[in-house]
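In what comes next, subunit A is part of two complexes: it sits with subunit B in the first one and with subunit C in the second one.
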Partner chain A sequence: MSFNQWINSRLPISDFFDQHLRQYYAPKNLNFWYFFGSLAILCLSIQIISGIWLLMYYEPTAKTAFDSIEFMMREVPYGWLLRYVHAVGASSFFVILYFHLYRALMYGSYQRPRELLWLSGVLLLILAMAEAYTGYVLPWGQMSYWAAKVIMNIFGAIPFIGEPIMHLIQGDYVVSEVTLQRFFAFHVVAFPMILLAMVFLHLVALHTVGSNNPDGIEIKDNKGADGIPKDGVPFHPYFTIKDLVAAAAFLIIFFTIVFYNPTMDGLFLEKENFIPANPLVTPPEIKPSWYLAPYYAILRAVPNQLLGALAMISG
Partner chain B sequence: MKGLILTVILGGTVTYVNAIEQSFVKPDKAPIDIKDRATVLRGAVHFKAQCLTCHSMKYMRFDEISQEAGIVPKLMPVWDEFAWGGNPPPDLSLVVKRRSADWVYTFLRSFYLDAGHSTGFNNLVWHNTKMPNPFVGIQGQQVLMVPLSDLQHIRGEKRWSELLELETQGAMTGEQFDDYVNDMVNYLAYASDPSSLEREKIGSWVIGYMVVLFIVLLALSLSYWDDIKRKHYQSSDK
Partner chain C sequence: MLILRMAMGNESVDLKKRAFLTRTSQALGAIAVCGAAIPLVQYLKPGREAAMSSLPVEFDLSGLKPGDQRTVLWRGKPIWVIRRTMEQVTALNKINPNLSDPNSQIEQQPEYAKNPYRSLRPDILVLVGLCTHLGCAPTFRPEPKAIDEDWDGGFFCSCHGSKFDLAGRVYKGVPAPTNLEVPPYYFKNDQLLVIGAHEA
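Let's turn to the complex of A and B:
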């Protein structure tokens, strides 16, 4: 018995690989818009790997959070690289997710039979926002603090149960060090675990119903005598190689930003966040990160807090 | 209206609102070049001599340039939050990142005589700043050529040099002084992100590698997809 057989009769790795890559058929007419799913997985991996390193130096207390990041930026070898990769990575993740979402809307990928694929995607977007928001608070700069406060007040606006919920999440009557430590736990453990589980379900759903395509034809409806969809191509090697090309193109842009303009002139890392949090001084303008800005604009357009929050959620 | 909405959102929890300092003038472009080690080092030396008494640089602890200039932790002042009537001189390690080099460059050169302000000098970029004018000796005294009350109306239209006039000459000529301040801003820009030197050096290698990888992968991908395209046309010919 060969080594391969020994392994595979106990843990069917090759079967799994065959089933989900070599004999998984994707429509051969997938175009540019279909790169963003695998790029999203790449972004998520970048975030997890760089995040693990940041975690080794970050200290989640109100006194030390800001300093520990500056320490990392200056005195830890390549600490700046990991921090900028993580920050630029967060923004890129949303660029990619919004393209991915746009594709789904454009080609109607939310229709039968892909309803649950779409639904799990929407949940993933919401989770990604929660993950980004809690992460944004961790450097404990001015914008971190005040953005945390504004969002917490949205929860507080829910009638009757709002305040208890707000206090539960904050862990305190105001946004404080206790909040920072809760957000740290959410950002580093709770949300990533849920996120990964959701990604898994999203992929299971995808591999059950198969990819949609620009022409909207179901490739499974037209199979050859061998049971293989006539308009399908095995995912591996044809789409693995195509996705790798896309990944390299993406990384060229990604690293150009990381190395040459990592704050994107204040878009990816806001200027105001280079001042440590100060509960007594409100920044001149409280802006959320760009990827949350549309939702925040809806909130601000409605003068009533509760109605605004409702409009934002429904939007 | 915007302020009102903001207050509503914040639920009236704000106890103290910062008066927003808004510059009266258009900023000058700071000709900074942090790759030029000589000017950065000169700036650090000037900084040690003139600014370190009030301003700390707390994140510059071990870098070679600050060490060489004598900017070391034990010389850095520590203020409590009530010092200076609640406006202690802030740490400047990140000032260029939060304000911009142009802002600092313009701010430092636009002090003018104002007997009505507590420090005796006011500033076009930061009106009523608590920072005393550190440059009376070397720059000289500047005076405002328009009435103070006009500043509101011409906000943002002019540069500081169009509004101020040198009344008494300091120890330096105008050009020398510009260089002096520019050196300082160069040091502050370097201090705000010391990684930028290393970053741009490694950057070209990483990106170059990605470009090569991209080309190789693209060639590989096209050759794989050739089969598919050929089969596709064969089957549609039939």
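Let's turn to the complex of A and C:
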């Protein structure tokens, strides 16, 4: 009995991979829009790895948060790279997610039987926003502080229970070090764990219903005598190879930004966030990160605080 | 296997070429992974702050009376500076059969401390105050018979009972394998000790 068999009869690793890669059939007409799912996993991995490394020097207190990041960027070998990879990675993640979501809308991938695939994806987007928002607060720069404050006040706008909820989340009557420390816990432990669990469920759903495709054909309805969909090809090697090309293209763009314009002229990392948080001075313009901007625009467009917040959440 | 089966229908598949492409992309992938590992590993190295703490430190001997022990921090390690009394120094000369390395054969000291006192000057002893067993900090017990009947004074590690004499030489039959380490040091003048560097 070979080593592989020995392992497999106890822990079916290679059976699992066979089932989900080599014998998982994806429609053969998937186009480039279907890259973004695997690219999202790539982005998530980049975020997790760079995040672990950042944690080694980051100190989550109001006094030291800003300085510890500056120290890491100036003194720690490749600290600047890890930090910029994480910051650009956050924005890229949303670029990828929005493309992924657009693809689903365009080809109707939210329709029967993929409703739960779509809904778990929506939950993932919301989780990613919560993760990005709590992460943006951690450097404790001007934009971190004031954006945290604005978003906390959105919770405060909920009638009756709003204020207690806001105080419960921020752990203080104002946004303070207490808030910073619990956002740290959310960003580093709580949200990533939920996010990973949701990704798992999203993939379980995907592998149950299968990928949609531009022509909207259900490949499972037309199987050959061997039980294999006639219009499907095995995910591995056909789509893994194709996805690898996409990953290469993505990484080229990604690192061009990381190396040449890591703040994307203030779009990925605002200028104000290179100034330590100051509760006494509000920056001239507070704008949330671009990926939250549409929701924030809804909030600002509605003159009533509560209605604005409601419109934003439903949007 | 599957890839082969799929290829059967197509006469023009060049399997050699395919194997070549697979292997080259695997090799390139391996190079990429190694490249990505460089910053991640470099990041883990002790940074400039750690390097700063390894700069030599100075110690003023004027306040140190015979029999006194002081501890200074160098590279985050406790360094002992001890001024031994005349009797303690002369006692070090007589051969003690219970020591496991009385002549400091094992490299635990700079060349200039390879003598019965394990020091530059017979009276001043400079040692890294960490047990060579598992790194506990032994205690300075100069009083005879303080630990047991045969105790002539020295250092006792309470973690697992290692014993060292007043030159930091390890006794036989204790867990610590070697003598206590002597750091590099020199005297700038009579009263000023520099720990962490050899004399230039």
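As a working rule, the second predicted complex is superposed on the first by the 315 of 315 C-alpha atoms of A that agree within 3 Å, B and C clash if a C-alpha of one lies under 4 Å from a C-alpha of the other, contacts with A are read in each partner's own complex, and residues count from 1 in each chain.
The rule we apply is simple: contacts are C-beta pairs under 8 Å (C-beta built on N, C-alpha and C of every residue); 3 or more make two chains touch, one makes a residue touch a chain.
In this text, all values refer to a predicted model and were calculated from it rather than measured experimentally.
> Name the contact category of A:Arg300: first (subunit B only), second (subunit C only), both, or neither.
first
> Pick one for A:Tyr260: touches subunit B only (first), subunit C only (second), both, or neither.
A:Tyr260 contacts subunit B only, not subunit C.
> What is the contact status of A:Arg22 with respect to subunit B (first) and subunit C (second): first, second, both, or neither?
Only subunit C; A:Arg22 stays clear of subunit B.
> Touching A:Met56 in the superposition: subunit B (first), subunit C (second), both, neither?
second
> Contact-wise, after the overlay, does A:Glu131 reach subunit B, subunit C, both or neither (first, second, both, neither)?
Neither subunit B nor subunit C is touched by A:Glu131.
> Subunit A residues in contact: does subunit B have more, or subunit C?
Higher number of touched subunit A residues: B.
> Name the contact category of A:Glu75: first (subunit B only), second (subunit C only), both, or neither.
In the superposed model, A:Glu75 contacts both subunit B and subunit C.
> What residues on subunit A does subunit C touch that subunit B touches too?
75, 81, 237, 244
> Spell out the part of subunit B that touches subunit A in their complex, as residue ranges.
Touching subunit A from subunit B are residues 4-6, 8-11, 13-18, 20, 59-63, 93-94, 97-100, 192-195, 198-200, 202-203, 206-207, 210-211, 213-214, 217-218, 220-221, 224-225, 228, 232, 235.
> Inside the complex, what are the residues of subunit A that reach subunit C?
The touching residues are 22, 49, 53, 56, 75-79, 81-82, 234, 237, 244.
> Quick check: in the complex, which residue numbers of subunit A touch subunit B?
Going through subunit A, the ones touching subunit B are 28, 67, 70-71, 73-75, 80-81, 84, 149-150, 153, 156, 174, 230, 233, 237-238, 241-242, 244-245, 248-249, 251-252, 255-256, 258-260, 262-263, 271-272, 274-275, 280-284, 286, 299-300, 303, 305.
> Considering only the defined contacts, which subunit C positions touch subunit A in the complex?
So the residues of subunit C in touch with subunit A come to 2-3, 25, 38-40, 42-45, 47-49.
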